[in-house]
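Sending over a structure as structure tokens; questions will come in a sec.
Labels run A, B, C and D following the written order; every chain starts at residue 1.
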Amino acid sequence: MRLSSLGFLLHEAWLNIRRNGLMSLATLGTVTVALTVLGASLWTIFRLSEYAQFQPRRFDRIDLFLLPDVSRERAETLRDQIAHLPGVARVRLIPREQAWADLQASEPLLTEALEENPLPDKLEVEVRDIAQIQAIAHNFRDQTAYPDVERVVDAGEAVRVMLGLARVVKVVGGSASAGLFIATLFLVYNTIRLTVFARRREIRTMQLVGATPGFIRLPLLLEGLFHGVVGALLASGILLLCAREVSRFVASLRSPLIGDVPSLLSPWHVPAVLVALGALIGLVGSYLAIRRFLRPI
Amino acid sequence: MRLSSLGFLLHEAWLNIRRNGLMSLATLGTVTVALTVLGASLWTIFRLSEYAQFQPRRFDRIDLFLLPDVSRERAETLRDQIAHLPGVARVRLIPREQAWADLQASEPLLTEALEENPLPDKLEVEVRDIAQIQAIAHNFRDQTAYPDVERVVDAGEAVRVMLGLARVVKVVGGSASAGLFIATLFLVYNTIRLTVFARRREIRTMQLVGATPGFIRLPLLLEGLFHGVVGALLASGILLLCAREVSRFVASLRSPLIGDVPSLLSPWHVPAVLVALGALIGLVGSYLAIRRFLRPI
Amino acid sequence: MIQLQNVTVNYGNEWIALYQVSLCVNKGEFVFIVGPTGAGKSTLLKLLYREETATQGTVRVAGHDLNHMPSREVPLFRRRLGIVFQDFGLLPNKTVYENVAFALRVTGESSRTIRRKVPHVLEMVGLAHRPDAFPHQLSGGEQQRVAIARALVNDPPLLLADEPTGNLDPDTSLGIVQLLHHINVRGTTVIVATHDHTIVDRMQRRVVALERGRLVRDDQQGAYRPLLMLSEPMRS
Amino acid sequence: MIQLQNVTVNYGNEWIALYQVSLCVNKGEFVFIVGPTGAGKSTLLKLLYREETATQGTVRVAGHDLNHMPSREVPLFRRRLGIVFQDFGLLPNKTVYENVAFALRVTGESSRTIRRKVPHVLEMVGLAHRPDAFPHQLSGGEQQRVAIARALVNDPPLLLADEPTGNLDPDTSLGIVQLLHHINVRGTTVIVATHDHTIVDRMQRRVVALERGRLVRDDQQGAYRPLLMLSEPMRS
């Protein structure tokens, strides 16, 4: 293909976009709306799975409260002994003085009323695999094996809930993402197909005048690409605005846990991912749509 | 309008659907896909908010463990006294014998090892408003007001998390539902607009031959209604199939909590709601789309 | 039936398609509108069925002032016209039969009347054998005849035909024009924009000639070329 | 240049548009194809640019066997033709200038050539003053001339024109046919399907007549009607 032809085809694509006002707007509208929904869903699913994966980590700890009469040395021996158990990642000994100090800092009224430190020494056991936490906690409840341990506190049911949730989010969210991507592609393809359909007589005329399929296709592909990218930018704008509102709202709740989960996604990933998706969807959508009307005659 | 005309217009709508194969398929496809996404999202949001509202209720109870030396009569007095507090819905006294019996039933090995009942009497306090639970629990911790209470256990942070979650789901999910509805309407409208656009010369010819706007509009509205309803039925089918898979998967996790939240929605509400939405969207979409091309000439 | 007074039509801001045209056609007349391509013939007809409106001047058709007709009344007005469009204006998704029937449907005719009238008018234009063909399955001349049949089917008091024989061979053209003549004799006012000099010359009816948007001739019993020019050789 | 041997074209299963037509046209000839409406003239032309293919028989154009031409080669083949379609086939979203230029664009002509050729050919058909109009802003005859200009612009060795004067007045028609004649003299083979008996009679070139899909006449220097019938009165 000659350079002058390429220039012409680019110009051609641009003229089509301008002169087919309604069809361009329709395609752009569909791409924007569909990508906004897709983007919002993917983002939500991604965040949900980040939350879901983060939540159980809050509960990956078993607290062992020791009997009051256990000496510090025995506590330390116990700590080292537990640290070598399979499945245990780390053990920290929280001496009763430190616990008391912490409590004094966080609840001064309460500690003043109590006057004397009622807290026992505590071992904080972190497990390697959150799924094993109950089995491990159960072992510590064995009084003969651990006579020094008075009370075993694990997150129990909460962990199982969170773990289940995380898997649900991962599997269902993953399938939903794939489904949404296909749905978006289909919606855009469908719209482009209608715009190509509206121009089928033109395409036919071009063929009769001697235009090669490539010559007809390229401007249409460029149009698809343009609409995909511009639609993606618009969708990003909408999404970032909405996201700002949502995070303001969530922050206004001042709820712990929510909002303090770090994210791998920075806001500037959104336009990047969406533009990539938009370009892909615009190109694939128009390629599929054109194919149908470029049968040789 | 005469009856024969009405018959004709119905026939006309049906012919249009059959003869504009591609345009019918495109509209139907868009309606189906958009309604599937809308339906899935609404359903998910609805279920999430049911979960979110249900979860805190698991934690709407404060357990008051009484001191071992508190007599049964004092416990009962305390119970009645607390029952009259504002914000308290109900109080149950769990005598230590009953708690022991429950424990023996659920953990026979443990109770056998213990030999003797170490459990104290317990008051289970249900609060009216879950949001107040922490304030109420805090009151019980006042040793001078409640000298008989040894330990107060409430769900603490978990409740605050759950409450925050419930509000997030409600507000964000609500806005998302509204946004999705508008997005779906727009996508369908956009598609119908393109199909009407492809027929704009026909519409013009009809006008020039003396057809009234109503005469031109009615078959197109009927087409929109048809596509809306049929698309909704297809979407319902897809959704119910997906829902079955999802609930199978969730059940396979055997996670407690998940799945045992009762729902106001039975599966047969899905087609009903979707068909209503589809009919609405189809009619409104084609009405808006037609208006643009029925300018008097 | 028709009164145009000093009618000017502009397209866009400067393009003048008709300039200061005044014309009066009585009920029952048969008028040819002739003129070179781009003279404004189609524009004149479009004025009469209100696809275009006059930029200046007044247009009265069948007692209606088309400049001030509320758009609500336009469909009813048009139903009393029969129009043959230069580009045929057939509905592509309807068969020949349905295209013709459509002109009756819009007026709310009963199906019985439609079943009686449509085959009859298809017979008249020589297409009785192809009622179920779609427009794209027809030759140019066949499409043109469908357009003519649709214009005739509801016995309009006023028939406007724009180049109705452009795609027809001489014999078929003559047949169509005789059909129009026949209808005219039964009382319909007929206005035909045409280039077909053979037919205009042969019919010897009123001829209105346009040139660059101006009315330059109006002969009661005219020919395609003005009488003065008859001896002039064709340009070659 | 063109050889048809026993060509039959069916539409659908039974509709026969051409039946056992054999025809040979040499390079540099000028041929009129005449016949009543629906006779198969357009179908014959469509065969030549391969919009339709023969159900039976062979079609050879410029050395290519069109029945067995790979679809990849079709665009290149068509670029060496100039085609005037009966329905004009203009691109509605392109201006007059762009429509004509498009025929050069597809062949990869440089912009400089295009800027030189297009105004020239628009001049030839008398539309030099409206290069920026869109087709819907033109009268029927103007659209037809754009179609003709597009067919002429790349100096095709073979020109196929389907009813190129259907929407033109006699003077303009004559001008166009003289243009075709001129091109023919410069070496282009020209095939014109037409109803315009004045022009056919005047040009005295080869006339091929079709009737109901059959080739019924092939006169080297013919008239629109067979010589035998010249004395016969027109049907009336």
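Methods note: contacts are C-beta pairs under 8 Å (C-beta built on N, C-alpha and C of every residue); 3 or more make two chains touch, one makes a residue touch a chain.
All values derive from a computational prediction rather than experimental measurement.
Ranking every chain by how far its Cα centroid lies from the centroid of subunit C, the top place goes to A. Centre-to-centre separation between subunit C and subunit D, using Cα means, comes to 28 Å.
Between subunit B and subunit C the centroid-to-centroid distance comes to 63 Å (mean Cα coordinates, whole Å). With centres taken as mean Cα positions, subunit D sits 67 Å from subunit B.
As a whole-number value, the distance joining the C-alpha centres of subunit A and subunit B reads 21 Å. Looking at subunit C, no residue sits in touch with two or more other chains.
If the chains shown are joined wherever they touch, the resulting network closes on itself as one ring, and no chain has more or fewer than two partners. Pairs of chains that satisfy the touch definition comprise A-B, A-D, B-C, C-D. Those residues of subunit C that touch subunit D in the complex are listed here as 11, 34-38, 41-42, 86-87, 137-142, 144-145, 162-163, 166-175, 178, 195, 197-198, 224, 234-236. The touching residues of subunit D, when paired with subunit A in their complex, are 49-51, 71, 74-79, 81, 83, 85, 89-94, 102-103, 105-108, 110-111, 150.
Looking at the complex, you find that subunit B touches subunit A at residues 22-23, 26, 29-30, 33-34, 36-37, 40-41, 110, 113, 141, 143, 157-158, 160-161, 163-165, 167-168, 171-172, 176, 179-180, 183, 186-187, 190-191, 193-195, 197-198, 242, 246, 249-250, 253, 255-258. The touching residues of subunit B, counted against subunit C in their complex, run 1-2, 4-5, 8, 15-16, 19-20, 202, 205-213, 215, 296-297.
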